[in-house]
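As written, the chains take the letters A, B, C, D and E, and residue 1 is the first residue of each chain.
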């Protein structure tokens, strides 16, 4: 066996190495300076440099369908763009962590370290070409997050959230792993390329063990991206976690995991199992409904956003269904393009919305209610305006970024003849309008009458978080109006630069 | 067909592992549960060994039955927990549904195993392998095909180590900075 | 001038002004600037008269650029006889609204005008967009400013009204979005265009399968998907209930724009997209819309009759009037179609004027309850006269604009279906009943509670208010007396549509072509003039 | 399944055993209130998976399975470390390890 | 003069008058306003004379036409704003502008004390303009424009004193009732357009050759005629839409004279006469017209018997006389209808103006029970009114005799006539004679019943008297334009029936039945019967109200309920109110409250509630219990597994 690794292997892991190296610096500094916490700004700078370097390396070296480490890793368009999304949201999350009262503690450097560690795990997931490597990546990512959540300054809810997430996550991991074991046993391999070739024959011969394996693996992924009925942890954990970490979870985890799901569904062999297609369509449909319907009923702002993220997973699952069960040539690539574009849009919007929440949380463990934003437009017109843009985009109002994300997904669904799913999806997006517009109503249309003399709502002065919110609003508009270059780049990256 | 030694070993160790697993589930005293778990792991190590996965059996004994279980027991001792009155969750409906859910799932499994038995039985049992050879092959695989996973695991352990330390130092942690 | 993007200029000028206004430091000076800006954009839109050629049905002043080619979306705009007057109506109403809301809006003046101007761009955009997705973008985008206008500057139940408005409209339009996407793929699959496109001119060429009895044939489903979106926007009975709420709560300018222009986006959609793209389905299922249109006319009028609130009455009268438009469109003949297009303009003018008038009296008394009025005619004579003229227009008395539209629509619908025509004709009666009854109760008889209030004597219209109403009144009579001035601009387009509705296609003329034509005409005129002078010289 | 198959231990037997162990582990997670016991149940589930891996590895004559077991064990150990650290933190704070005490987040 | 110029002046003069007075509507200068308005009307009249005179003489054209501009054109439809004066409209235009001018003149005096005379004259001129549009338009659409326009002016003038709720309501009633008719008219227009592809009268009539007489009820032409007739019943106050006309008396009296007696209300007749060739093809429709006409003539006359308001009596009389005209149209005597239209315009305008003079003199008192003996206070008014009275009850040789008798003769003798029509007309004539005599007697003769201290009846000024005298003369001699042949033959110089000659060729006519073609004796007998019955009836009334004023009360006490029923106008208004209007209003409220709020809105809310239901279920499931969540995962896994493995 040739153990020598080509240079390309190292280039692929360069971003991870950069992250690892840079992430150790603050912790090391702390160790060598007698356990003195460096200034948070310094730590943030290190974290930012780490992310920026990784991003640079990723853009430089990833893509183009390269394999590394004996086919354990693959570097293609999917991994390139997923890395970009993950790293960008990681970077913004570090900014928000710097500002937020629950994260900026004496252990801030450790937190940044853990976040970067989680990013490494995500990079592993998106680059992985092997189910067992994906598992390792997911575990790295999740374990870091458990700790990160638990390290919040807040002492009750964050601990509970961390523990719930941990137990349920491990439970789901075990199931996921069982799925891997069954797949390994039936297909003989866990590497995606080989596996994808086996899918057709195994499903055609109705190998039940393999089917169970696939179901369990999908279930494990579904847990991570909070698909109904595996989503129940989401609102609790999103609420309990410090808001910057929530933002990170809602964006990066989802992005990384969806890429893994797409890799699993790259085969046309799934055509042989009609029930699988139906069941995943059902899951997508129910996820949208439950997410949106439950979000309507929420008074807590973060829980509302959590349910909204559940609903968005439902939309994304439409892309997955199309990828796995569409019948045209190259549908998986097309699905990759639209899902990644949606993830990009979704991440930007979600970061903005959680930045907004972070700005309004003044004390530790404050449960921000939706009603708290009443009359905000009067005191903070610019920030309210940015949030309004974010919310309109989440609701899918053209020509904002969120609209084109949905446009792509539903186009794919219709092209692959998943009409009912598409109709269900758009109807659900109408339901979502109701709760997305509620904060806008409160910000702009209420609080005028009573609070003529009442003090204005105070917002935190956090520059970096404000920058995040503002940046996401600007990106939503600009990337919405001029999404063509991004789409072109995505297309080129995923279809191969030919 | 005759009952070979290997088969006998399977039934003994399998039965032991099942029984001790049930013990984990049913013992109201967590310490006993932990001990049962250790027993399960040991018997599983035996099963690994009977399948000539020597290295894995060893690791199972050392890491699992040894280190991990010690950790569990230590934590339990730390908490100083006695036998619990309310060891099991309440709710007849929920409990019933839990049993039904798991039962159905296991049933589905067994049915699937039975259905796929033909294909699975078709795979031939390899001849006895030399322990050293198999370990060597495993090592080669770990540092060859799975080298990335191996390294990633290293990174994972590093991060977790630092994370666990950090976790212990937060407010309310075992080593909290006051 | 050859490359001047005139249409883009018309569409985006309000948005640029909105941005400029947003940058102004405070509320002071916003109103004058808005007025100047609105007049300016109206002035620019008048350039259409120069460059638009009424003789050809082709799409003119076309601008086409790729926008998001990955999704097959392009920036493709143009104007023809169907949209020509709607564009002018939109640009015309803006200065009226700005001047009309001079006192009605007393808080967040800057924000209001920014929203108003942004809305203007969205509405104009949806009238010129010839790419379906672009149209959809503008169509949906128009909801947002209106959402704020109703929600921030509206009445007591504004939040309920604006949410209802937004969600209703969006619920209708999302299905259209799916239909649009389907069409884009259909264009790729069947016609072999090689790329997928939302270019409306290409989609016209599609021959979507339609089976006469099959509700499930693609054309029928798409037809209904589009129709749902537009019917809610119109709004057609029975999906009209958002309209009265929105109107009652909206501030005066919001009502004017909503009734004047936004509702037209729905009917325009029927004419522009539904009928040419799904001719067989429209033919086959047209009776539903004929029926609902006729029912809507009568229903709207009856319900309007018993409203205690003037504004709600006017809102329901909109339902009735838009019923006429639907009836005319689905009469599927030249008369009905022409009448429908005309009625869109009429409704924009007369209902817009009615809302302005209701707003003016509301500013004085802060009440819209009919019961509290009475005898206004004695106190506010000028107001009464103007209101009466607008009432006449609304109930379609000959020599006002309303008559032309209603007559043509009823003529067309009667030719299409005698029964529906007959039902619709009763709307003529009920229309008179509700308007005149209201008029009687508000203006005639004893002075009512609000009118006779000694402490707050009512003042007749100010010069500004008269100035607001004057252009509308002029139009009422102009359009009523000389309809041909207006009809001639859309005639060729309507004829073209009606003659080729089964295989509708449009030619394309750019600004360059228009410039050439204008130059040629001038040359011709000079030549003729010279010839005449020479002849005259010879004769002498 | 004929009697001979019962006696003649093959892959199905190992799989069935692992399924049973997995089910017991699941039940533990679902039904036990003590968080430590729940974690132990998860360990049990992972062990069941390991058994599957080893069985497949053996019966398919494929060493990959054993490598995977190696990774699973490591991850399980890491999980146990993090979980126990969490448990300790929580215990310090709540003086309680009964899962029913952690229901502040709901709705 | 070019025709264009003639028509321009003819039409624009009143419009200019309207604009002049309308723009200074607050002015109280009644002299200026009246002068301008009357002048405008007079200019129109002069122009009409000029125009009509062109039709006379050898080789004169049968019509003068002028086309101004194209109103709208599409597909088959092409409507021009163009006008025509032919032999039918010539009669009408002369009557309208002539009588109109007189009434304008009368108004100057009548409205001298009003607060807003300018506004009044503006409306009057606007009316004239619209009426001219109606008459002169050469296509149905122009006619309809005028048709609605006069309705609008009628609305404005009835509600002229709008501060009074009743009067405002009367205006609205008039407009809405007219609108019902207009809706029918519109439908008629649509059917005709569908049939002929044109709305131009000349074109329609020229295309009629291709159609044959329809026998059924549902033929397109019958349908068109019936629809048009609905329009006519509205405008010309026929059963069942006549109810607005009596109420319309709320307007100033000259308005009643002009609009609600002489001109506007005859528009329906004019329209039918104009389209007479069309109606000829629909005998069933004509039968309907005749029947409705006869019924109206009778019914209105009966109601007129028991009215106390001087104007109401005249109003019902108008309705009744219009009924005669429709009866004439229905039996095919279109010429007779036109004839009666003209004479009626003279004598009814005269009587209305006379009543205006009375009301003016009596300080706005309209109840004839509070009048009496006015002869000595208002001699000229009395004299002129007397001529009107004789004319209307049909005493030869006054105008009414000739026209009414011609109608009765045709009703009897026409191919489409019937003895029953004749009988109805005869009874109507007798009733007319009775109530008109009653009116005369109660107003002018007998003892004064008003308080002479408070009320000082006086004769009107010259501006009011001149029109009275002119109209009286016309009422006296107007009948000579249509002397029946039987009478003409015995008169010196054998004057022919000029009107019949004039209209011949312009209108269709139904021939007499074979038996009656030369039955001159029969004609004489019928004439004798009708004159003697009318005379008898008048004498009876005279004996009732002049000789023994207590007799009516005694007579009435014999059937009090019937009397009350008649006095209350046969309860028709109440019937409409209770059976049509109120249910409609109630139904509308129900639609609003039930359909809009309870069905449509509720339906949308139900969708919302379902979503909320799902949401709250999801929240209930979210118990916060970790093991529940794990259970959901397990259940989900089981469900998925079983679905996939099934």
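Note that in this section a contact is a pair of C-beta atoms (placed from the backbone, for glycine too) under 8 Å apart; a residue touches a chain by one contact, two chains touch by 3 or more.
Keep in mind the model is a prediction, meaning the values are calculated, not measured.
S.K.: Count how many hops through touching chains it takes, at the least, to reach subunit E starting from subunit B.
M.R.: Tracing touching chains, the least step count from subunit B to subunit E comes to 1.
S.K.: State which chains count as neighbours of subunit A and simultaneously of subunit B.
M.R.: Touching subunit A as well as subunit B, we find D, E.
S.K.: Centre of all protein Cα atoms: which chain's centre is nearest to it?
M.R.: Of the chains present, the most centrally placed is C.
S.K.: Select the chain at the greatest separation from subunit B, using centres from the mean of Cα atoms.
M.R.: Between subunit B and every other chain, the largest centroid distance is to E.
S.K.: Sort the chain pairs by how many C-beta pairs are in contact and tell me the top one.
M.R.: Top-ranked chain pair by contact count is B-D.
S.K.: What chain lies farthest away from subunit D once each centre is taken as the mean of the Cα atoms?
M.R.: E
S.K.: If you average the CA atoms of subunit C and of subunit D, how many Å lie between those two points?
M.R.: 67
S.K.: With chain centres defined as C-alpha means, what is the inter-centre distance between subunit A and subunit C in Å?
M.R.: So the centroids are 43 Å from each other.
S.K.: So the centre of each chain is just the mean of its C-alpha atoms; given that, what is the distance between subunit B and subunit C in Å?
M.R.: 72
S.K.: Can you give the whole-Å distance between the Cα centres of subunit A and subunit E?
M.R.: Averaging C-alpha atoms per chain gives centres 79 Å apart.
S.K.: I need the residues of subunit A touching at least two other chains; which ones are they?
M.R.: Correct list: 132, 136, 139, 143, 147, 150, 155, 159, 163-164, 167, 171, 175, 185, 208-209, 211-212, 235-236, 434.
S.K.: Please output the residue numbers of subunit E that touch at least 2 other chains, ranges allowed.
M.R.: Expected reply: 619, 622, 624-628, 630-631, 634-635, 637, 641, 645.
S.K.: Can you list every residue of subunit B that touches 2 or more other chains, as numbers and ranges?
M.R.: In subunit B, 89, 98, 101-102, 105, 108-109, 111-113, 120, 145-146, 149, 153, 156, 160, 163-164, 167, 170, 172 touch at least two other chains.
S.K.: Among the chains present, which pairs are found to touch?
M.R.: So, checking each combination of chains, I get A-B, A-C, A-D, A-E, B-D, B-E, C-E, D-E as the touching pairs.
S.K.: Taking the complex as given, what residues does subunit E use to touch subunit B?
M.R.: 625, 627-628, 631, 634-635, 637-638, 641-642, 645
S.K.: What residues on subunit E touch subunit C, complex-wise?
M.R.: Within the complex, subunit E contacts subunit C at residues 25-26, 69-75, 77, 141, 144-146, 148-149, 152, 155, 159, 162-165, 168-169, 171-172, 175-176, 179-180, 182-183, 186-187, 189-191, 193-194, 584-585, 587-589, 591-592, 595-596, 600-601, 604.
S.K.: Could you pull out which subunit C residues touch subunit A in their complex?
M.R.: 66-71, 107, 133, 136-137, 140-141, 143-144, 147-148, 151-152, 158-159, 162-163, 166-167, 170-171, 174-175, 177-178, 181-182, 184-185
S.K.: For subunit B, which residues count as touching subunit D in their complex?
M.R.: 1-4, 6-7, 10-11, 14, 17-18, 21-22, 24-25, 30, 33-34, 37, 40-41, 44, 47-48, 51-53, 55-56, 59-60, 63-64, 67-68, 71-72, 75-76, 78-79, 81, 84, 86-89, 95, 98-99, 101-103, 105-106, 109-110, 113-114, 117, 120-121, 123-126, 134, 137-138, 141-142, 145-146, 149-150, 153, 156-157, 160-161, 163-164, 167-168, 170, 172-174
S.K.: Would you tell me which residues of subunit A are touching subunit D in their complex?
M.R.: Contacts found on subunit A: 132, 135-136, 139, 143, 146-147, 150, 155-157, 159-164, 166-167, 170-171, 173-175, 177-178, 180-182, 184-185, 188-190, 209, 235-237, 239-240, 298, 300, 303.
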